[in-house]
Amino acid sequence: MGDKTGILITYREALKQALREALLSDERVFLLGEDVGRYGGAFAVSKGLLQEFGPERIMDVPLSESGFTGAGIGAALAGMRPIVEVMTVNFSLLAMDQIVNNAATLLHMSGGQLNVPVVIRMGCGIGRQLAAQHSHSWEPLYAHIPGLIVLSVGTHEDARGMLLSALKSPDPVVIFEYTYMLNLEKEIPADAGAVDITRAKVRREGRDISIITYGAGVYKALDAAAELAAAGIEAEVLDLRVLRPLDEASVIASVAKTHRALVVEEAWRSGGIAAEISARIMEKAFYELDAPVQRLCGVEVPIPYPKHLEDASVPQIADIVNAVKKMIKP
Amino acid sequence: MIEFRMPSLGADMEAGTLREWKVKPGDTVERGDIIADVETMKGIIEIEVFDAGVVEQLLVKEDEKVPVGTVMALIRPAGETAAPKPAERHVYETFKSIVNVKEEIPPVPAPAHEGLRASPLARRIAAENHLDLTTVQGSGEGGAITREDVEKAIAERDIRLKPRPAEPAPTPAASTENIRMAVAAAMSKSNREIPHYYLETSIDMSKALAWLAGANRQRPVAKRLLPVVLLIKATAKALREFPDLNAVWENGLQRKAEINIGFVISLRTGGLIVPAIRNADKKSPDDLMETLTDLIPRARALKLRSSELSESTITLTSLGDDGADAVFGVIYPPQVAIVGFGGIREQPVAENGLIGVRPVLRATLAGDHRATDGLTGSRFLAALQQLLQQPETL
Amino acid sequence: MEKAQYLRLLYQMLLIRRFEEKCAEMYAKTNIRGFLHLYIGEEAVAVGVTQALAGDDYVLATYREHGHALARGMDAGAIMAEMYGKQEGCSRGRGGSMHLFDGQKLCGGNAIVAGHLSMAVGMALAAKKQQQNRIACCFFGEGAAAEGEFHEAMNLAALWQVPVLFVCENNYYAMGTALRFSHAVQELEKKGPAYGIETAVADGMDVLAVERAAREAVEKVRAAGKPYFLVCNTYRFRAHSMFDAELYRDKSEVEEWKKRDPIPRLSDFLLTKKVITEQDIEDLENRVAAEVQKAVDFAEGGTWEPVEQLTKFVYSSD
């Protein structure tokens, strides 16, 4: 047993500590991304790392998303352990060709000869009024791609630990971080470190309904579950964590226990993760269902700038509470 | 007086730490002057003032961290020559929360035909229990039949003559409060989820007690056997023939390979604890006695290993001779049965046309109706009775 | 040049400056949210170039586009209301600071770096196909010149010979990354000839120089129907966005550039040549102050779009 004393830490600091630990523990690791060095990180996650590790390991890059992501993939092929930071998921679309056509396919195309141990981190999420070209929840786009491991950092524990496990992966890992949560403080164990990146995790036990979610939905679902508990409803909160490959067993186990499922995500409804989860429940746990699976997803609109419209475009805590109550007490 | 407040420098800035005032009371400031350095997570940022005037008072000390919008200084507006100060009606207005519109959850489509609306789970439970769903009133959305409706209907159908159970079952825990809460939770869950059926049979214990008296004569006091040892052994042996009762209900019936009898021990402080007697069917009466001698004091001292609390595959509760005549147990989920023994009482018994007085034990079985039916339970009790008539074989 | 034209240049630059100073204030007071990128210091580029454009020319800009919107004659009130998120805004509040649009005057407000360069090529292509006399003018920063999109757009424009004017506003920093850390060849003007595109450089801190260069460029684009690359070297006095501690540059560097501030540079020139008087400048300042105040009043009097309309403007039929 290590030190289980809790420490209060921001999501930003947890991400930074993980980066530091990764850089300290493996000299093949280096960080490359836009403004990660001299500017201090677009969202201040890597602030101070240039001073500590120098420009060889904290590399500022030109605005060339396809170029530097491709370079990260190449460096991974050739023996390094690069961490590519893409400022926002919107910009990652310029790099998507490299991620999908190269990182995700090389192992297969080469008949197993070339694996790509690259880690690509990107900021994403909704809630800072950054409008339609700087804020979206596009995890499903990447979760669609075989060959990628897609992680969603929904808690501080995972902010501290997922990167370290991702760097051990022989295959490309895409990590979604939520800019909206950067300032949020939570307690994690003082010795928190690498975490499993193969399983979903029950963040709160409950018997009446499974709220299945990830990323920005996790804390919202936990807040909603606390509110529901006061109303006598025990909701289980399952954090998917790994969006590809999906931990189907944990989903089915939770539904078999509660017999009801509400899937919550900020991404758009059509073709999203919630659609996939819902389908898997139909396939594998249909006879456990005591009510139709429901989804609370992002409204299908590019994210609008004004606060009231932005808030209305993604599920909020009150929406989760209402949806659960409607499912349990129709 | 103009209030100079901690500015918002970014959508994700919630607070800032004042590092240095660049002005002091009495200083004249112009619009656009840098009046302070504020540290944020992005580093130190120079803060400008948007009004002209004379600094009247500094309200925030250096190195103090304050939220965006906090009044940091008071500035006396410049005289008539200063630029006209715009009317600022909306300063620090925060957005009122507006009721969210969401895409309507698409309405559940009406049933395509006059068919029954029932959840898949409700249909499954009904089928397993041979319940006709057309007799069930649905309480779910749009009148759909839910698990709760089906379970209620089954319970009503299966109304027994027996009173509701009184005897709860096991729990792992470390303190008596925890134990009370754990018992409460497990029993509530059981009562909510498990459709119980109850059976009872009376067992003539004269042969068993006679055998026991003989056996004990050859044993030192410390090793003497209690009647409950025979009850445990007989139950365990009978279960070999009825594996559906030695099972758990998790995604359907799952039989257990080992027969581990959960033995209910009452705590003096209240509550129960139910350690497992592993492989009870393979233990001799002496071994079982030794196990009990070890378990009971440890259980009362709350010094059981967690494995001892989690391994049982069925529960046995015995009230002892001071207890009530009979006990109808509540099944400990996910187990599917609980066997109950009351006190042994001398009773008139008719046999071969004559009435005699015999020591009689009332044995009960509460079974999970999802897992087994009354016939199975009934045969089990008959087997138990048979075994107790041949104590030497135990 | 006529006095009226000089005053027009000065007025437009002043309006951008004072308008954006007010934006900074309103951001600090949380009336404006999201990202706010100020153009202060670079006004001469947008003002100088737009003088050379016709009303129906296409103009595309970046997320640092308040200056271009004002120089193109968009209403300051509609711009301020947009930044407040009000439905009276030029994009109905949907876009905010980074996405100012006006069907006639400005095609954004584009916040994916270099994403709009190829769109500009396409608009020029359409003008060519429809035998219109319009050109497309596309503003972008030197950071964009590192994107593949820049090189693809330059090549396409030259290959297809379409009337597009590429204006690179080189302010030496792509967010916090200095030119020397993002370009192997830092003379941006060398990148045009590589594609066979005629190229010129202008002092982006001198509105008269920018205007001269732009007029020559636009004339050629319009006459020959070919692309043209104009590099304007300039400097932003403010941080990249409001939330920027400017760890990547020295204050002394900023102070040095402020000595070349395009606004005093023009006004001093005009005063020295006695084209205008101090009174003219004061009148301009008062006019600008009134206009900025009017814009703020308009924005504050604006209304929130009803939340029920959230899914509007996703498809044209809505």
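A, B and C are the chain letters, set down in written order, and residue numbers restart from 1 in every chain.
Heads up, the rule we're going with is that a contact is a pair of C-beta atoms (placed from the backbone, for glycine too) under 8 Å apart; a residue touches a chain by one contact, two chains touch by 3 or more.
All values derive from a computational prediction rather than experimental measurement.
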Counting only C-beta pairs in contact, which pair of chains has the most of them?
A-C
So which chain ends up closest to the centre of the protein, judged by Cα positions averaged per chain?
A
Of all chains, the one whose CA centroid lies most distant from that of chain A is C
Roughly how far is chain A from chain C, centre to centre by C-alpha average, rounded to an integer in Å?
36
On a C-alpha centroid basis, what's the spacing between chain B and chain C, in Å?
63
What's the distance between the Cα centroids of chain A and chain B, rounded to whole Å?
30
Contacts with two or more other chains occur in chain B at residues 11-12, 42-43, 98, 100-101, 103
Multi-partner residues of chain C (each touching 2 or more other chains):
33-35, 244-245, 247, 304, 307, 310-311
In chain A, residues with contacts to at least two other chains
40, 128-130, 299-300, 307-308, 312
Can you name the residues of chain A that touch chain B in the complex?
12, 40, 43-44, 47, 128-130, 179-180, 182-183, 207, 256, 259, 269, 286-292, 294, 296-297, 299-300, 307-308, 311-312, 315-316, 318-319, 323, 326-327, 330
Within their complex, chain B touches chain C through residues 5, 7-13, 31-32, 40, 42-45, 48, 50, 68-69, 83, 86, 88-94, 98-101, 103
Report the residues of chain C in contact with chain B in the complex, numbered from low to high.
21, 24-25, 27-31, 33-35, 239, 241-247, 289, 293, 296, 300, 304, 307-308, 310-311
Residues of chain B defined as touching chain A within the complex
11-12, 14, 41-43, 95-98, 100-103, 105, 108, 119-124, 140-142, 144, 146-148, 189, 250-251
With touch defined as at the start, can you tell me which chain A residues reach chain C in the complex?
34-35, 38-40, 42, 60-67, 90-91, 94, 128-134, 299-302, 304-309, 312-313
